[in-house]
Structures are given as structure tokens and as C-alpha cells.
Amino acid sequence: MARFLPLGRAVAENLRDGDTAAFEGFTHLIPTAAAHEAIRQGFRDLTLVRMTPDLVYDQMVGMGMAKKIVFSYAGNPGVGLLRRFRDAVENGFPHPIEIEEHSHAAMANAYEAGAAGLPCAVFRGYRGAGLAEVNPNVGSVTCPFTGEVLAAVPALRPDVTFIHAQKASRRGDVLIEGIIGVQKEAVLAARRAVVTVEEVVDDFDGLHPNLTVLPAWTVTAIAVVPGGSHPSYAHGFYDRDNAAYLEWDEISADRDRFRAWMEENVMRKSDGDFASRVSHLRKARR
Amino acid sequence: MARFLPLGRAVAENLRDGDTAAFEGFTHLIPTAAAHEAIRQGFRDLTLVRMTPDLVYDQMVGMGMAKKIVFSYAGNPGVGLLRRFRDAVENGFPHPIEIEEHSHAAMANAYEAGAAGLPCAVFRGYRGAGLAEVNPNVGSVTCPFTGEVLAAVPALRPDVTFIHAQKASRRGDVLIEGIIGVQKEAVLAARRAVVTVEEVVDDFDGLHPNLTVLPAWTVTAIAVVPGGSHPSYAHGFYDRDNAAYLEWDEISADRDRFRAWMEENVMRKSDGDFASRVSHLRKARR
Amino acid sequence: MSDAKAAPGFTPDEMMTIAASRALRDDDVCFVGIGAPSAACNVARLTHAPGITLIYESGTIGTAPDVLPLSIGDGELCDTAVTTVSVPEMFRYWLQGGRISVGFLGAAQLDRFGNINTTVIGGYGQPKTRLPGGGGAPEIASSAGEIYITMAQSRRGMVERIDFFTSFGHGEGGDHRQRLGIHTKGPTLLVTDLAVWKPDPVTREFTVVALHPGVTRDRVAETCGWPAKFADRLEETPAPTDLELETLRDLQARTKAAHARNRRQEAV
Amino acid sequence: MSDAKAAPGFTPDEMMTIAASRALRDDDVCFVGIGAPSAACNVARLTHAPGITLIYESGTIGTAPDVLPLSIGDGELCDTAVTTVSVPEMFRYWLQGGRISVGFLGAAQLDRFGNINTTVIGGYGQPKTRLPGGGGAPEIASSAGEIYITMAQSRRGMVERIDFFTSFGHGEGGDHRQRLGIHTKGPTLLVTDLAVWKPDPVTREFTVVALHPGVTRDRVAETCGWPAKFADRLEETPAPTDLELETLRDLQARTKAAHARNRRQEAV
């Protein structure tokens, strides 16, 4: 049952060294504040799972927190490469990391299978794809009716999933709107789930019945962090900070500049700083 | 691309003798008007697919239109048995029918697999269940990672699916709200899809982005039939006619009474009669 | 229950529903079958378990209906739900995903090991009576954390051997579930109109652990199609409290009024 | 295009985007890659193909963005979409379900058979440059009805042998797709900044079928890492019309203004 906690405590109670953790968000609603809190608390040996590792995983890899990355697209969305991730993969800096690489279809299906309590996901994929040769976690099953050979990948079952969402009700139900990505699946697939939200409302009365709502009993902890998705965005609250994504390309290009930026913008800051980062990006609510 | 057609033409152009047809709806939004039109047009040798065959399949079976029923719960919801269906299965009246019986989980997964373009659905099911022994379409696959044996059923791919929905926009997008059942999957799994709707609106501007909308290019034909779901209901438009379900138990108990009722209420009626059947069930829009 | 005031008069059906409702906990997530299970689950919600999550297979999660639904997909369920999902999602993420703590089922035929038949009386190919079939029950029986069953006793319903295994209970007893790779508990409770039954820890055979007030062993035995076993120390089911009985009767009265309201006769 | 007025001056990039846009039809359902494909698809929508359905892998179906998204999941895509679905649904029902007529991809490395690498330069285990990876492309390449590719020509990008098979095109050519059980058409069009290429009907090797205005065979050949083949009858790509060029430039100007609008410097 969801408990409302300060972010620091929500992270401390639900993430452990060596965990398999997913900080999910598909361009939209990236849980940046939770990731920065995890960085401040200095976890180690994490297996970081995400379809689209972007700035926050670049930062966690650059800070030496990751043992392994499971992913399907490791880019700075709309900008280019992830330079800290590259440095780790190409040069083993700050230390070598393992990678397990999939396609989006495989990762999406693997989260779906995790949410569905299945040991593996079955889909039509990886035909002719080089990943099937370098990733031992790509298997196959044969349709017993047609004989067609389909791809199979193990279900994803993170120890803990972190997501950012628009709203929680007082009883702890969580609403996700807009580009919803794989967040619902990532939460339902995980043993524990921590959600940061823009705001808490009294209740969800009057909400359309078919929206994406995670009932309180599927969530472990909720922390209220307005702006907690910056420089990503929260549909209905504030826009994407495209400039910050462009800037990251320069910051992350240099090891020292990266370190200095992290020191100034993450290590010495708190989740309370996020609200002001999005103040210029807020817009009239649609 | 969806064409707006009178119901008679929509049915005539999209249903053929011998087709595998799904008239889907999970208690809510049952496409009664479309089924009655199909009855009037007198199709034969149909394979009728539906998780919850209820009054309309009882009627189609009683009228001798069905060669086979694929289903997971053949009851009059909340009332009891389907007496015309029973008469066909137990006594071969008006003629014997084949049945292919599944669990809800299997049917839901089979529609999902059909929508997903897969040859079969894989799920954890049928363990210890008698249906696995009497239904040759229950197979298995083995997870290549854990060795767990999972159930498999062939994907459902109807020639045509009929559903009822609340609204279409002028360009032919379709909105389904409330208890959405397997309608989206049944439409996407089918070669052709016919939708009856309560009303047509200019556009869906301002609609929440995450509602269940079938884009116009996934639908073959749309017919406007207010009340077209009676005695089922349309969330936001009118309530379920529980009394009609209770009455059906008596009507269907007797072969002659059934015939007379069909003659009076289906054969001599048209889809234009549905609006008046729900007038006493309409309620203040929520 | 002991210090609550017991109601003076009640029917066996009321006792059944109320005894069944008492088994549910405030933090349960319950997959609700229609009929007697639905009444018991909602009485629980309206009395001692206000936080219970009730789920119906139509996709409605966390419903709080003011009246009992006639069907598994009445509008009332959606109107009062926390959220309503598609039926494939219901069976994949919520049931198969292991999110359900209790599956609450009724039965047409039941055997001593909690195996249920709602498919057919007679042979499957040559049925004497074709029943509606399993619906969600086969996978509820294997995927829900545990299964509660409620039904009125009769020799026709509680039988030596069921005609069809719609939902697997404990099979032939013992560790039969485990041997089939089913890792949930299966039937852990049977509440009838006469008694409360629980499976023997070893054989898994349903054993009477409590008799409802005024019910005799003989009455239980003669309305049961298998030789009924009784626990060494038989309890008496506490009679319904005023609150329980009022809650159930109010719910049923509201339900009756609501289902009558839309009768065509009255509207014309 | 022939009777539309050609614009006097345009860049090779503009010609590429516009030539690519012309391949799309009004009834296409197009899975859009970011960058050059996104611009081409939206120019098509704003000119000759207003009915086209554009789908981005973030789950946005039938989008009509007023400005080009920087990422595949910008809010603009959701705000203007017919509907927005989850990412698992996107890949299951819409891509794997066979609902996509055209997948429009870019490439870091491309070979003559339309095989694409966006994963790694150098060995997979010892990368010289680690690229972002495939994302949706591996299954777009096999599940979309056909694949259009657009990229600027360079010997570094159009290579004799790609370092990694991110997305399978025609493999080693001929019927290689069929032999792998892939039943879609694969790459049927390549539009570069210099030319339009189509696969040979038999060998499936990309062959130049049209040169953009003012481009020579030599220029195409020297910017291509494999020995370029030319069709017997080479067409000249019609120059951009005023409408096409204005539409593209307006779109890009709106995009630039929108992406600059939220720069922090300006807000402070």
C-alpha cells in the first residue's frame, strides 16, 4: 500500500546496492528527481534497466553506479549520443560496464510479460537482426499450431521501478497521462515501485474510467516532487526543456566538466530545487 | 477506411455465409442491432466467436444460423442458462452445432494475439482444467529460459467483427468508453470491422489522449443506430435493461414462443426501432 | 464478533453470505464471482473491510457498488471503480500477474477437494444439462492467492465425483496442485448455508470446522453428497450481528429496487 | 509535380526531404523515425497527403504536429494525435499487428542491400564508436509493409559492409528476407541528398533511378562507399515546387522558434 514519504526516504528504503532498478519514462515523465536522489545516496553495482536510457543513466554511469545496463536505445533523444555511457562502454571509464541490448519491441514485451507474471515474452522479432547473435537472452519458441518460430526474451522483473507521474490521490492512487510509455508495465513488473508526482489531489472522483491509474496497493511509496521530471516534461504541467538536452551534449563530452556539473547541480542540490527549474516551462493547463 | 453506411448495407457488405464472425461486447455495448440485422438477412453456417455469447447468440443459434460457437461463458448474464444454445447442444435443435470452448483468459489472450498479429497466444492457464482435455486447440510452449510449460491457443482472427460503441467522429474514428471488454482487440484482430454507434460528433477535439479510440482506417463501416445495444447498455447513454434479460429466460424456454418472439421483435422490425427501446432507460449524462 | 449484538432472526442464506464476508480482510484484493460471492464481498466492504479491493472480470478494479450488479459488467461497477481496464489486461496483468489475494467463486457441482464444475452435467460430448461454462474460473482457481467458495448445500451440488473439472481445486488431494505446477494455495475455505469448511492440512479434504447456529451435524451430512468429515473441535459460527444483517438486507433492498426501476412495464 | 512551379534555389538537404516526402501517399500509415524521416513525413502531410497517418513509437497515432518534435516523444505529438497508446501496445497491435504500411528510417551506416547499422562502429565487443542502438528499428524493418530510407550521402555512411546488422534490409540480396521468414517487402526506396535509389527487382541492390537537379553520376558515385549502380534510364528528380519548399521552410522555422522558446537563458 502506497505510503507518502519524503523522496530521500522513499529512495533509501527501496533501493539497495546490487539491485536491478528501472527508472522508466519514454521521453515523457522521466523520473529525474528520483535518479538524482539515488546518485546523492551513492548506490553501487546497480543493474539499470530502461528502454531509453538518457541523461539520468548517463549521469549514473558517469558516477560509477552501474554494473550493467539493459536497454534498447541509448541516446540523448533528438540530440545524439550519450557520452558518459560511451566512455564506459568504449574506454571502461570510470569502470567497465556490462550491457544487455535489446530492441524496443523486445523490451516493451519483456516489461509486459513481467507485469503479466510470465517467465518470458513471445513476439515476432529479431529476424535477421545482429542483436540476436550478441545477446544470449534472445531465445525462441515454436507456435504449436503453425510451426512458426517466434522470438522469446526473459520477462523483466526489476527489484524496484521508479517513475514520475502527474498526480496522486490522497489514498495513493496514481494517474499517468499523455505519452504513458511502459510505466504501468514497469511498475506492475517490479517488486517495489516508487512514484514521484507533480501534485496530490483529494480524490480522483470524476476522472474518466479508462485512464491509466495505478491503484494505491500496486505502489510502495509516493513522493511529491513538483518539476521532478525536468528536463523531461509532464503533460499538462510543463514543457520539455529541449535546451537542457542540447547543453548536456557539451557537459557530458568532458570528464571534468561532467564531474563539476554533477557536483554543482546534483550533489549539492535537493529534490526541492526541481520546482524552480520548470517555472519558465509551465504553460496554460490544457 | 471507415464508411458511414445504413446498417443493412454495412451488414450485407461485410458478412457472408460461412464466415467466422465475432459480435463482441462484455455485458456492456453488445451489438444487438447488428446481430438482429444479420438474423433478418438470414446468413448460414456461421462460426460465431465470443467470450460471452448471450441473448444475440442464443437467438442466432435458435434461428439456425450457427455452424459452430467459439466461447468461454455461454450464459444469460446474471440470470442463468442460454436455452436455445442448450437446445442445440443437448438436442441438436434446430440442428447440431459444434462448440469450441475456452476459458476467459484463453479467449482474451487469443483476441490479443490476433490484434498483435501473432499465430498463437501464450499464457499460464488451463492447469488441471478439463477443457484442456476436450479442446484440441489447447497446446503448450516451453519457456526457453525457465523450462516452465505455458498454455498456448491459436490467435483469433475473425473474418468480421461487429461491435457497438458510443461515438464516431465525422472522419470515422470510433470512441469506446466504460467497460471496454475485448472490443479493441476483436476489431484489430479481424479482417473487417463493422461498428454501430450511438451518435456522430463533428470531431474528437478535446478528448483525453489515452481513451480507447479506433482510428477510422481500422474500421470498415460505421452505422448510426441509437439504442443499438439494447437490452445491453451504453455507458453515458442508457442503462442495462435487466428486465429484458429476465424475460428472455422465459421466452427462450419454449421453441414456439421463441419463434413467435423473433418474428415479432426481430424479423418484422428494423434498426430504427432500437431508439425507442431505450427511451425509458436513458439517464442524465454523467 | 463476540461482543457485537447478534440479530434475533436470519435465514440460512443470510448466514452463509455473512459468514463468507467475515473471511475477507481489509487489505485483500478479491476477484469476485457473481451471485453469492458478490453479496459476501460487498457486505465485507460495507462492514469490517472498507479498504478491500473488489475486482470483477469485466475489468473494473476497486469497485464500490451501491447496489449488487445483476451481471458481471453492470454500469454501476464501472461508475464506482478506481479504474476500468480491458479484459485482456484484467486476465494478464491483474489475475495472471499475481495481484489477486482471494478468488471468490460459486459452484454448480463441488467435490470434497474443492474441484468445481460449472460446465456440464453428464458427459461433455453428450450433456444432460449444458451449463454456462467456466468463464474466468479456470485461471482464477490457479492464479489467485487462495480460493474461497460459497454455495448452498445439496446432494446434487456437493457430489462424490464432479462431471467436469471446470476449475481445479486440490484435484485428488494432497500435493496434487504442486504436482501440476500450480503454486497458489487453492481452496482454503468453503462457506455453505449450514457450515464453514476448511481443507484438511494433509489430505486437503474439506472438513467442517464450524456449524451455523442451530444447525446439526446430521443436517450437514444429509445435504452433502460425500461422507462429510467434521473437525475434532467444532465451533459454532457466530450469528450475524445487527450491523451485518442490516447491511446485507439494505444492500439487497437497494438492489431489488434498482433492478426493478428500469422495468419496461413501469416506464410505459 | 511536372506542372507545379519549381522553386529557384534549394539545398541538397531540402531536395532530399522533399523527394522523400513525395513517396508517401494519402492513405499510408507511416511509422516515423526521428530527424530527416520526420521532416519528410510532415511535409507530405502538409502538402499532397493530408490524410496520411503518422505514428511515432512513443505511442502517438495519427499525429499532426505544428512543429517538428526534437525527440520521438515530444508533447506536441500527443497533443495533436488521434490517440496515444502504451509502448507495448504500439509494438504489439500496431507494428507487429501489420497495421503499418511504411516504416521510414534513417541510418548511420547503410549497405547496398538496405541493411542498416545504428548500433556500433567497430566490433560489438570492442566498439570504436558506440551508437545509440536500434530502438524500434529491428522490428520496424521486418514488420512494416515496406521501408523507406533517407540519409545524406557519404562514403562513411554508405559502406561496402556495415559493422552491425541493426535492421535487416535485403541481407545478402535476392530472396534472403523470404528465407528468414520475413514476409514484408523491406527497403523499397532510398532518398539521399543527391539521388533516388530503388532496389533491383532481382538482386535487391539499391540502384540510382533519379538524380536530383544538377547532380552528376560522378558526384553520386564518389560519395558512396560501394560501386554505385545506375538504372539504364535515369530520371531527373523534379525540383521542389514553391509549395513544397515553403511548407518545409515554414515547418523548420516554426520548429526552430518553438525549440528556442523554452531556452532557460530567455526565461531568466
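The first chain written gets the first letter, and so on, giving A, B, C and D; residue counts start at 1 in each chain.
Just so we're on the same page, contacts are C-beta pairs under 8 Å (C-beta built on N, C-alpha and C of every residue); 3 or more make two chains touch, one makes a residue touch a chain.
Keep in mind that what you see is a predicted model, and the values were worked out from it rather than measured.
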| remark: The chain pair with the larger count of contacting C-beta pairs, comparing B-D against B-C, is B-C
| query | In whole angstrom, what separates the CA-based centres of chain C and chain D? | reply | 57
| Chain centre separation (chain A, chain B; CA means) in Å | 39
| said: Can you compute the centre-to-centre distance for chain B and chain C, using the mean CA position of each chain? Integer Å is fine. | reply: 28
| remark: Expected list for chain D, residues touching two or more other chains, is 78-79, 84-85, 92, 96, 143
| said: Multi-chain contacts only, two chains or more: what residues does chain A have there? | reply: 112, 116-118, 123-124, 148, 178, 180, 185, 209-212, 235
| field | Graph class of chain-chain contacts, one of line, ring, star, complete, other | value | other
| remark: Every chain pair meeting the touch definition is listed as A-B, A-C, A-D, B-C, B-D
| field | chain A partner contacts - residues on chain D that touch it in the complex | value | 34, 57-60, 69-75, 77-79, 84-88, 90-92, 95-96, 119, 124-125, 127-139, 141-143, 164-168, 171, 176-177, 180-182, 259-260, 262-268
| Residues on chain B engaged by chain C in the complex (per definition of touch) | 26-28, 51-52, 71-75, 77-82, 85-86, 89-90, 101, 103-105, 108-109, 111-112, 123-131, 134, 148-149, 178-182, 184-185, 212, 233, 235, 239-245, 279-281, 286
| field | chain B-touching residues of chain D, taken from the complex the two chains share | value | 27, 29, 53, 61-62, 78-79, 81-85, 92-93, 96-99, 143
| field | Contact footprint of chain B on chain A as seen in their complex | value | 116-120, 122-124, 137, 139-146, 148, 150, 152, 154, 177-178, 180, 208-212, 235
| task | Over in the complex, which chain A residues touch chain C? Could you list them? | result | 1, 112, 115-118, 173, 185, 188, 204, 209-213, 215, 217-218
